[in-house]
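Every chain is named by a letter (A, B, C, D and E) in the order it is written, and numbering of its residues begins at 1.
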Amino acid sequence: MKSTPNRARVEVRGVSKWFETEDGQVQALHDVNLTVLDHEFTCIVGPSGCGKSTLFNIIAGLVEPSRGQILVDGVPIKVGMAGRLGYMQQKDLLIPWRTILRNVTIGLEIQGRPEGESREVAMRYLKMFGLAKHADSFPASLSGGMKQRVALIRTLVMGQDIILMDEPFQSLDYPTRVALEAELLEMVQELNRTVLFVTHDIEEAVSIADKVYVLSKGPGTVRDLRTIRLNMKRESPIDARKSPEFHEHYAAIWNQLEVVTNIRRESQHA
Amino acid sequence: MKSTPNRARVEVRGVSKWFETEDGQVQALHDVNLTVLDHEFTCIVGPSGCGKSTLFNIIAGLVEPSRGQILVDGVPIKVGMAGRLGYMQQKDLLIPWRTILRNVTIGLEIQGRPEGESREVAMRYLKMFGLAKHADSFPASLSGGMKQRVALIRTLVMGQDIILMDEPFQSLDYPTRVALEAELLEMVQELNRTVLFVTHDIEEAVSIADKVYVLSKGPGTVRDLRTIRLNMKRESPIDARKSPEFHEHYAAIWNQLEVVTNIRRESQHA
Amino acid sequence: MHEAVMSDNVFTAQQPPASTRKRQQRAESVQSFAVRAVQIVIAVGFFALWEWGARSGAISTFLFSSPSEVWALALARIKDGTLIYGAYVTGMETLAGFVVGSLLGTALGLGLWYSRFLARVMSVFVLALGSIPVLALGPLVIIWFGTGIESKIALATMSCVIVALLQAYEGAQQVDKDLTRLLTSFGATKRQIFTKVVIPSSSSWVVAAAKLNVGFSLIGAVIGEYISSQHGLGNLILIAGANYNISLVLLGVFSLMILAFALSSFVGVVERKLLGWKLAGR
Amino acid sequence: MHEAVMSDNVFTAQQPPASTRKRQQRAESVQSFAVRAVQIVIAVGFFALWEWGARSGAISTFLFSSPSEVWALALARIKDGTLIYGAYVTGMETLAGFVVGSLLGTALGLGLWYSRFLARVMSVFVLALGSIPVLALGPLVIIWFGTGIESKIALATMSCVIVALLQAYEGAQQVDKDLTRLLTSFGATKRQIFTKVVIPSSSSWVVAAAKLNVGFSLIGAVIGEYISSQHGLGNLILIAGANYNISLVLLGVFSLMILAFALSSFVGVVERKLLGWKLAGR
Amino acid sequence: QPAKTVRISQAFQSLLYLPLYVAKDAGFFDEEGVNVTIATGGGGSQSWSAVIGGSADYSIQDPVFPTVSREKGGPGVVVGSICNAETMYALAKNPQIARTTEAKDLLTKGYKIATQPQPDSGWARMSQLSNELKVEQGAKTFTNLQVPIGSEMAAVFAGQADIGLSYPPVVEQAEAKGLHIVYSFTSASRPYLFSSLNTTRDFIAKNPAAHQAVMNAFERASQYIYAYPEEAVKIGLRQFPDLDPKIVRKAIERMVADLSYPEHVYADHAAYIANQKQHAFVGTIKKAATPDEGIDNGAALAAYRKFGRIAWTGARPLKAAAK
């Protein structure tokens, strides 16, 4: 189903990131190295606040790394060179004064695509995601999950062949989510896209990813890399979840994460 | 572990809701009836856009129902009487000009609690959720999951005995999420709180709820009610997930939901 | 299947409560009516008190005139056409100055978003211009702009331009950084971010500036007429003032107010056009 | 375990890049310096051109004076103390009017958030007041406020109050509905929503108004001095203008600008205090 | 031959400038073949600026401005007289302040006196008087309050000043409202060139015919006022439609009786010198200009020679109001 995935599309090389705050510097990423090969579906999991979104912002060229560099197809990425990769951010930022349809087409507009064509593409996706009748509504009248779907569509219509997705399904109900996972996988394979995907759902990661990177607690660094590829043999992510290897991968990642996650449990409540 | 849960705390009676839009009225809820008993942990699941958040807004007294009424402890709720119930909204709205600590204490401030006391309570929770060192940061410098934890804490510190939570854990990583579920259950039982909980994660619902209401596709109406109570017999939601009934409930709710969820799959991509 | 307590509101059918929107519209128009009514009561009360004071001698008509005197004068001046003509002249000057000043100021102010450096350099000069009492430069104004309509338009423009500029600039500064970052992530150029995010999201600031500028451009035009003129309400007030004709001064001032209303309802229409999305979905 | 390509940036230890913040600060102060430098170049260039024009005869010194004349006059007037005293008088009037007007206007404008009805009723009257050319009402001003410092403060106040009011009102209208809803969900009273959300989130609008009002209150005070005065920069300019003493008019105008700077840097300090959170975390 | 358009900029719309309105409304400008437009500035310096800036050909205001202009290297010359007496009165509200013919009485009784701002004639006259009579400003002598045009009487009414100095028709209005005249400057300082018609030598050189025409019209208007005071009143009423007619009439009659308007348009040397001396004294100008420097009476005298004392054949019809 996939062509030989060996060419490195995205390389993250020794990336560290410090943020400046009032009380000095805070480190968000520590010497992160990772490689995404062509046509690969790579998931990143890691505890909340470990720097996943920061890493994506850096890869997308929105934020400058304090150290290290990003190569896309071997070319170093500089801040201001964004737009080369598709990027769905964690926050489902819709533009409040644009209708849903025009929120979806904003990226195409920026690329200078003809309006009629953009509209057509957007409407096709809106239909697919059950949002066609909201095309002319404003974002304020949408539910949380609907907004997230719009943000997803907005990224997909752009058609770049490398896509970053930061927890794209987090506010969707379960069946919708699973359906969309399947949809996404199919699309990715059909259109030969390369995907880098953040999720907090281990099940999701295991059922759709070719590879899963596990990041450590912040400052995030790569703690584990698992090659999975359950998705290759199955018809859908649902089937993947039923395979025997599934639980093995699941448990391994779970353990990795549980070690790094550290919620203190002093049960002294008010 | 629980006292006899028979007194109705929250009653939703024949609630329907229409929104006014430019192209006429949109129905979000259709004749919803539900009852939350004392000390009960009630989950609501339903497809995206079916009206869960709208229902919560109505119960919390923020939005007026078009028809029907809400009784809390037998007393009808009117718009403008908010504050009676604890409510964590789906959107993790933090106030941008307040530090994290002062975001957490805003509700207590409104209740007129002494500042020193509020601070103390807030710090205790912040520690518990691993956010103590961010107490003096501003929201802009937090990750998505951190913001959601702050919003959760902000609701919990208020100490009302009926709490509405709209997808409180949606942007948390898996182990944190499971840890917080356990934490929440424990807290709820210890402090005898009554909880109404929206989630899109069936697993979560089944593992923590006493009862699960399944809403139909929008306009939402109650499609099914399942009594679960796995949480009563287990030490933690993780254990609950391992029980035999778990899969039974899971599958039943899944089927209910899948019927109502309807993502079309015309695979004509751009 | 339902454990829920059955609703005691039993509806034969779940029809939408057809009245909601209409009810809202009705409530809205009732309120509009009440607003007008209260405004009229206040205005009438004010004039009645004034007239009563003037008649009873509590208010010196020499110093304050009286509504009936002003009204009589108004009728006479409307009849001979001079009031309408004056209002027309001043109105045209104001409108021209308002449009030019608002556009120019807004363009400059938004434009400063492009360069923080330029913005900082300019700020001092903008401030300096904003603190000049134009009236003090009457002779220079005449020398630069002459005594014709150009000088009034120039002053009306100057009175607008700084408010428009500073507001547009502030508005551009307030733009949600998340939105600009979103557009950046699509590879938008600075120019695209400018047209697609900065301009629309500063619109409340620009409109607020326009609301203020209705008054300022009017005052600018009037000051222009003070400095030198043949026609216009400012000319009328100037001449009346020099001859101590308080009734005529007040007639002029009231006419200016009416002009201001006319202009500002025009701005109101534009606001509703521009900011329509704010009203939707809430 | 790492499949990832090893970084070719090899660090001996992952110390934070200590320079970042300092580098930023340095860049910031370099920019500040550059801004000042460019401003000075522009100003010097302007004066040099003017002086050159005046000397070469390209610019009539009769109409436009010359920098050296203005400067000579400035030295003389500083020496005999009249300029400093004039600036002091006008500055005090302006400051008083600015503070009173800004506070009053902001309080009223924010207060209107409480009642949409009242806001709609008032809007017409605010607009009406905003379009009055105060100068036209000189006699009435004298009768109401006398000819002392009160009348100047009153006019400076009036010039501020409308901008402050309208801006505060607009700011209050722009408050994020989600935030007010959040507070409502905690059972906040209208008053609490007002103090905890409406006031802080209108602060950019209020500060923007203050920036504008520095100029307006100054002009208000000057107009007050035009209407009646014995001291102050407005008085100085008025007399100079009537005497056709352009050098002195310009000296007065430049002094006003310097006053405006002084006042606005004060507003700048307040802005940084009030809006500090905006700068954090981005 | 089409009428040449001539632009005149007046400092105020004032009864002091009646010859201008008569020349226009009685049709003298038309008959002389010039089409005159009148603009009003907010004071003398504005109306003179219009001439300097090229947006007017003549200005009407205090003759000091051409001198100021020349002192600073600009052009400017007085070409005719518009108001020939210091038509200014002191009024008070307090009945205890009695009418006097002694200027000293104004200055030594602790009065607060409102005038228009420096260098207005009222202010200048007060300064000169105080110097002549050796009375320094102070609480026990007098204090000067400067207010804008039109506000002097308001200051008296509001109790801000004891005495206000003003010009017709404000004087007559104030009288009608109960103020009374305590001193008349008109009779006290005469001759005095109060308002003049001014232009530049350049304009005269380039437009000799138009200039002559304008001066002819003014010469005829000046004579016409004294020949038919009733017609002058009619024109005054027309120019000030909103004032009480009684007041306009009274003001014009008073000015005619006092010979405030010139009988001929040429500028009287003695009157000019008096004006210049006063301004030099108060510092508006460095040095009083001599008539040779400041006046070009050529066209005015030519007009005088041409018309002599005009034998009118009757009142003239008023020109149709054109707006």
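One rule holds in what follows: a residue touches a chain if its C-beta (ideal position, glycine included) is under 8 Å from a C-beta of that chain, and two chains touch if they have at least 3 such contacts.
Please read all numbers here as calculations on a predicted model, not as lab measurements.
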Count of contact steps on the shortest path from chain C to chain E: 1
Between B-D and D-E, the pair with more C-beta contacts: D-E
Averaged-CA centre spacing for the pair chain D and chain C, given as whole angstrom: 20
Approximate Å spacing (C-alpha centroids) for the pair chain B, chain C: 47
Interchain centroid distance [CA atoms averaged], chain B/chain E, Å: 85
Multi-partner residues of chain A (at least 2 other chains): 21-22, 91, 137, 141
Shared-contact residues (touching 2 or more other chains) in chain E: 43, 45, 48, 52, 150, 153-154, 157-158
In chain C, residues with contacts to at least two other chains: 63, 135, 138-140, 143, 226, 238, 241, 244, 280-282
Sites on chain D touched by chain C in the complex: 31-32, 34-35, 38-39, 42, 63-64, 117, 120-121, 124-125, 127-128, 130-133, 135-140, 143, 162-163, 166-167, 170, 174, 177, 204-205, 208, 211-212, 214-216, 218-219, 222-223, 226, 234, 237-238, 241, 244, 246, 249, 252-253, 256-257, 259-261, 264, 282
Chain E-touching residues of chain D, taken from the complex the two chains share: 60-63, 135, 138-140, 142-143, 146-147, 226-230, 235, 238-239, 241-244, 246
Chain E - residues contacting chain C, complex: 9, 12-14, 37-43, 45-50, 52-56, 149-150, 153-154, 157-158, 169-170, 173-174, 177, 240-243, 323
Residues of chain D defined as touching chain B within the complex: 178-179, 181-188, 192, 196-197, 200-201, 277-278, 280-282
Contacting residues of chain B [partner chain D, same complex]: 60, 62, 80, 82-84, 87, 89, 91, 93, 95-98, 106-107, 109-111, 137-141, 158
